[in-house]
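Lettered A, B, C and D in written order, each chain numbered from 1.
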Amino acid sequence: MATITFIGLGNMGGPMASNLLKADHDVCVFDLNPAAVKELTGQGARSADSLQSAVKGSDVVISMLPASKHVKSVYLGEDGLVHHMAKNTLVIDSSTIDADTAKAVGSALADAGMRFIDAPVSGGVGGAKAGTLTFIVGGEHADFAAAQPILSAMGQNIFHAGGVGAGQIAKICNNMLLSVLMVGTSEALQMAIDNGLDPAVASDIMLQSSGCNWTLQKYNPCPGVMEGVPSSNGYQGGFMVDLMKKDLGLAMDTAKHSGSATPMGALAQSLYTLHSGQGNGKRDFSSIFELFNHTKED
Amino acid sequence: MATITFIGLGNMGGPMASNLLKADHDVCVFDLNPAAVKELTGQGARSADSLQSAVKGSDVVISMLPASKHVKSVYLGEDGLVHHMAKNTLVIDSSTIDADTAKAVGSALADAGMRFIDAPVSGGVGGAKAGTLTFIVGGEHADFAAAQPILSAMGQNIFHAGGVGAGQIAKICNNMLLSVLMVGTSEALQMAIDNGLDPAVASDIMLQSSGCNWTLQKYNPCPGVMEGVPSSNGYQGGFMVDLMKKDLGLAMDTAKHSGSATPMGALAQSLYTLHSGQGNGKRDFSSIFELFNHTKED
Amino acid sequence: MATITFIGLGNMGGPMASNLLKADHDVCVFDLNPAAVKELTGQGARSADSLQSAVKGSDVVISMLPASKHVKSVYLGEDGLVHHMAKNTLVIDSSTIDADTAKAVGSALADAGMRFIDAPVSGGVGGAKAGTLTFIVGGEHADFAAAQPILSAMGQNIFHAGGVGAGQIAKICNNMLLSVLMVGTSEALQMAIDNGLDPAVASDIMLQSSGCNWTLQKYNPCPGVMEGVPSSNGYQGGFMVDLMKKDLGLAMDTAKHSGSATPMGALAQSLYTLHSGQGNGKRDFSSIFELFNHTKED
Amino acid sequence: MATITFIGLGNMGGPMASNLLKADHDVCVFDLNPAAVKELTGQGARSADSLQSAVKGSDVVISMLPASKHVKSVYLGEDGLVHHMAKNTLVIDSSTIDADTAKAVGSALADAGMRFIDAPVSGGVGGAKAGTLTFIVGGEHADFAAAQPILSAMGQNIFHAGGVGAGQIAKICNNMLLSVLMVGTSEALQMAIDNGLDPAVASDIMLQSSGCNWTLQKYNPCPGVMEGVPSSNGYQGGFMVDLMKKDLGLAMDTAKHSGSATPMGALAQSLYTLHSGQGNGKRDFSSIFELFNHTKED
């Protein structure tokens, strides 16, 4: 088994590190929050009193951090890990950040003799705990192959999107499309309801026709149609509106950078921003359905 | 087997009537185009020299006509069929028209002692020939049940959406959503390409993730990703841009009528209108991908 | 002076007829609401017990009705005025209706030897009372010339847009553009506020720069920037959201009919429909500003 | 008169520096392009062989540079001007950059004892040559007052938007609104044309009604309606599509940063990106009219 350093023990990182331990890997954890560290050492992880000492002797370093600036500073900042990791260390960054930062970190580490892949995830906290995350990886084939046995301890589907940065691009394209599916399905369902159809019947027809999409299959936004999804639980849990807003922000940056026209994605971003501005930022992103459901007001 | 009158032998109606004959139904056909009639009589259909005489002795009347005004005039116009069909005749209109017209025709026929269901189809000319159409039906349960054995000679999936008019509503909601899936998938794929990803790889990742939708499953808009679809055949055949434009027009009328907000559907309608205005009206609707694909211009 | 029959004494029609009386025209009024009639007879108008008798002896007939179907039935319906008006009667319809209906009524009246112009107004109830309405006229030059002295008793700006129906087209194009100006100005002002600018300063800068438009000149949507406008009066009075929604519905019908792409107008319609659905239908249309102003929620 | 250093002698900066000379200011110019420098020394400007020596003895430093990174490096980069300008120097940056960079440069210079205002311009190359630019200024009142006499040698309207950075915010809000006016006016005009109206008549009516906006007043996008504007000159000259695209990119960044919903601005950005992708990047931004004008294709 591998000797792994895991950096960032938040809602996602904690359970991910825990699954590495269950797979008998030798894991040294690091987080600024002592409680999060204690939780993992209680499960058999080693800990260290500094980032720099945490990577000593590790073959693999995994990071799960909030945003680009944290990733940059951890690896390339003052006394960054680039100066402390052993040659050939495999660095796996699972944070969701912009592709340019991923590429910049990747090439700086490569110059220092290390290997880097960006491996953002989807599947949420539930997937992190169950070990059923989806990893979308950007990097060299050899590095992707080397990472697979480790990633499979934390996830189910592991995709190779292309070179370094491609993982971030593919994830952001997918989430932009997801936001369009969710808004488009919500307005179509509400139009069916407004014209007297039963949302369950309309959902079933579209699900079996050319309107079929992931939100009708797994995540129906209309309350009462599907059990065990946020829409049937007051839009609690699931994937927060403000996280979708963050991903759509990254998508718009990516589109601008590549000169891509994304009218549907841009409209979805505007509608999610309106929805968040009306106080729904912490609710599940399928609550956008309520933007169209005006029956309450009638 | 039933005695059926089939009115309207166009690209869709012709093959549909032909499948009824294959199922050993006794079919009398009517169309203003003699060649279309001859084609069917050659396959064993009876014909008549007038609409009025064509419905004599039939238990079932099926119409497949271009637009609302034709349906209205055939059944309720001067010397319309409402005055000539036998009581209890089961009338099946498979034209794609607005729900209000369907309801108006349905109640006028009901007043005259006939039974009416609206049964618009999806699946295109290919589905009509193969007998694999999807029928989305609006009407009474008893009438739906009575129609099923006849519809199953022409189609595969037969849905009951609700009362009279509900078939038209459900179809138009589905097609509005389909247009959103197609545009949203096209811009996401192009953004992936613009950022260096292989469209086949990006499609595969989104297909297996939360971006999954019918266009990625059955109808990828990016040339070369999927075989046997219009995008790999110069966007020939399939479902024409101008037909999607027509359906989106019906969708906007429906939304207006019910006071429904459909920002994504409205944007899709604008983009399909722009695309048609640039000379693409007769190409397959997945050619909207080219609106985003600017590599040719670079 | 002319002998005029005025049909439809609502919030707009009442004051318009009243201004004709002030200009010493001989006016016979008709409305189904006796109170509205009494109000005008009190000001010197004649009245009649039927539409048919109301037009006897008139050179000019003016109608101000809610929608297309009323205009159609008054002139062309059973025992319609087409059978009762004298040859050469000048018919002025100031209702806001679709251009096709205006053309249909116009040609039916022309066949019967009468003259018709469509003359929809803008300026609201305030303009109707003050006699400062804007008339946008469609019709023959001679008929436009003949109408001018009469219209000038009720309005200030009188435009000749083109042939019959052109008045309706020009008005609907203008109001569609107005909705875009209002939404675009609202989001730009809110973005300025969100970034720490004083809305009065930002308004003044854009007013004197290339962002200049009617809403900044006459109808600032941000509370407190301009005195005497709905935004500084809780969005009471002015032009109701639901009336803008009606005009945008006519605009979308017009666009569909002519195959015109109107992405901005379609987005404005979606946003006004959302806004109305959230309970703002009876408020002034500048209240759309609140859709973007999320400070209350913070 | 003031002793001024002018940095950046491009299409805008060159004529601006030239107008300072005409106003008898003592101007030392700097640019990496010798030809541009020669042009100005020929008009009486001094030059210097380095940025650092160029600011020696100046009371005022004006910069007109392409983007944020250039502004940052000139003032704060290695051996940046912050280390070379005299205390109390008034620094005027007229580049169009993001407000955050403007604030960062401003506070770094303030810490070093200098005064900074951001003063982006509108009015294009024509305005730069004619000395009729609009300056939108962010900074302290005293610094704004000190800058006015110098700015008035180059421009006509000089606005004070607020503190440092506010100039950039106000300009970007104005230009986002301008893009919405241009697209909205284009689609309204084309809808009028599609319905048989004369664009000149429709423009005149909307200009005098509630659709009035800067594009109808000064910059009609429909060829042949207005003389001396790009639309009547094959959309040559004026303000390039790609420059509007750049400003809309800054607007979207600003909106994201402040959590503002800008659906109209986002749609305009998508349409300008599509238009640019179809090969129109170097044409005037009013050429967006052609996106709606499909008569050529018919």
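Here are a few things to note about the model shown:
Heads up, the rule we're going with is that a contact is a pair of C-beta atoms (placed from the backbone, for glycine too) under 8 Å apart; a residue touches a chain by one contact, two chains touch by 3 or more.
Keep in mind that this is a model prediction, so the values were computed, not measured.
The chains that touch both chain B and chain D are A, C. Listed by label, the chains that touch chain A and also chain B are C, D. Interface residue usage between chain B and chain C, two copies of one sequence, is largely shared: over half of the residue numbers at the contact are used by both copies. Contact count check for A-C and A-D (C-beta pairs in contact): higher for A-D.
Once the centre of each chain is set as its mean CA position, chain A and chain D turn out to be 39 Å apart.
Averaged C-alpha coordinates give centres for chain A and chain C that are 52 Å from one another. Contact with two or more other chains is made by residues 255, 259-263, 267, 271, 274, 276-277, 291-292, 294 of chain B.
By the touch rule above, chain A contacts chain B in their complex via residues 99, 122, 134, 136, 157, 159-163, 166, 169-170, 173-178, 180-181, 183-185, 187-192, 194-198, 201-202, 204-206, 208-214, 217-219, 251, 254-255, 257-265, 267-268, 271, 291-292, 294. Those residues of chain A lying in contact with chain C across their complex are 263, 267, 274, 276-279, 291-292, 294, 297. Listed in rising order, the residues of chain A touching chain D in the complex are 249, 252-253, 255-256, 259-263, 266-267, 269-271, 273-274, 276-277.
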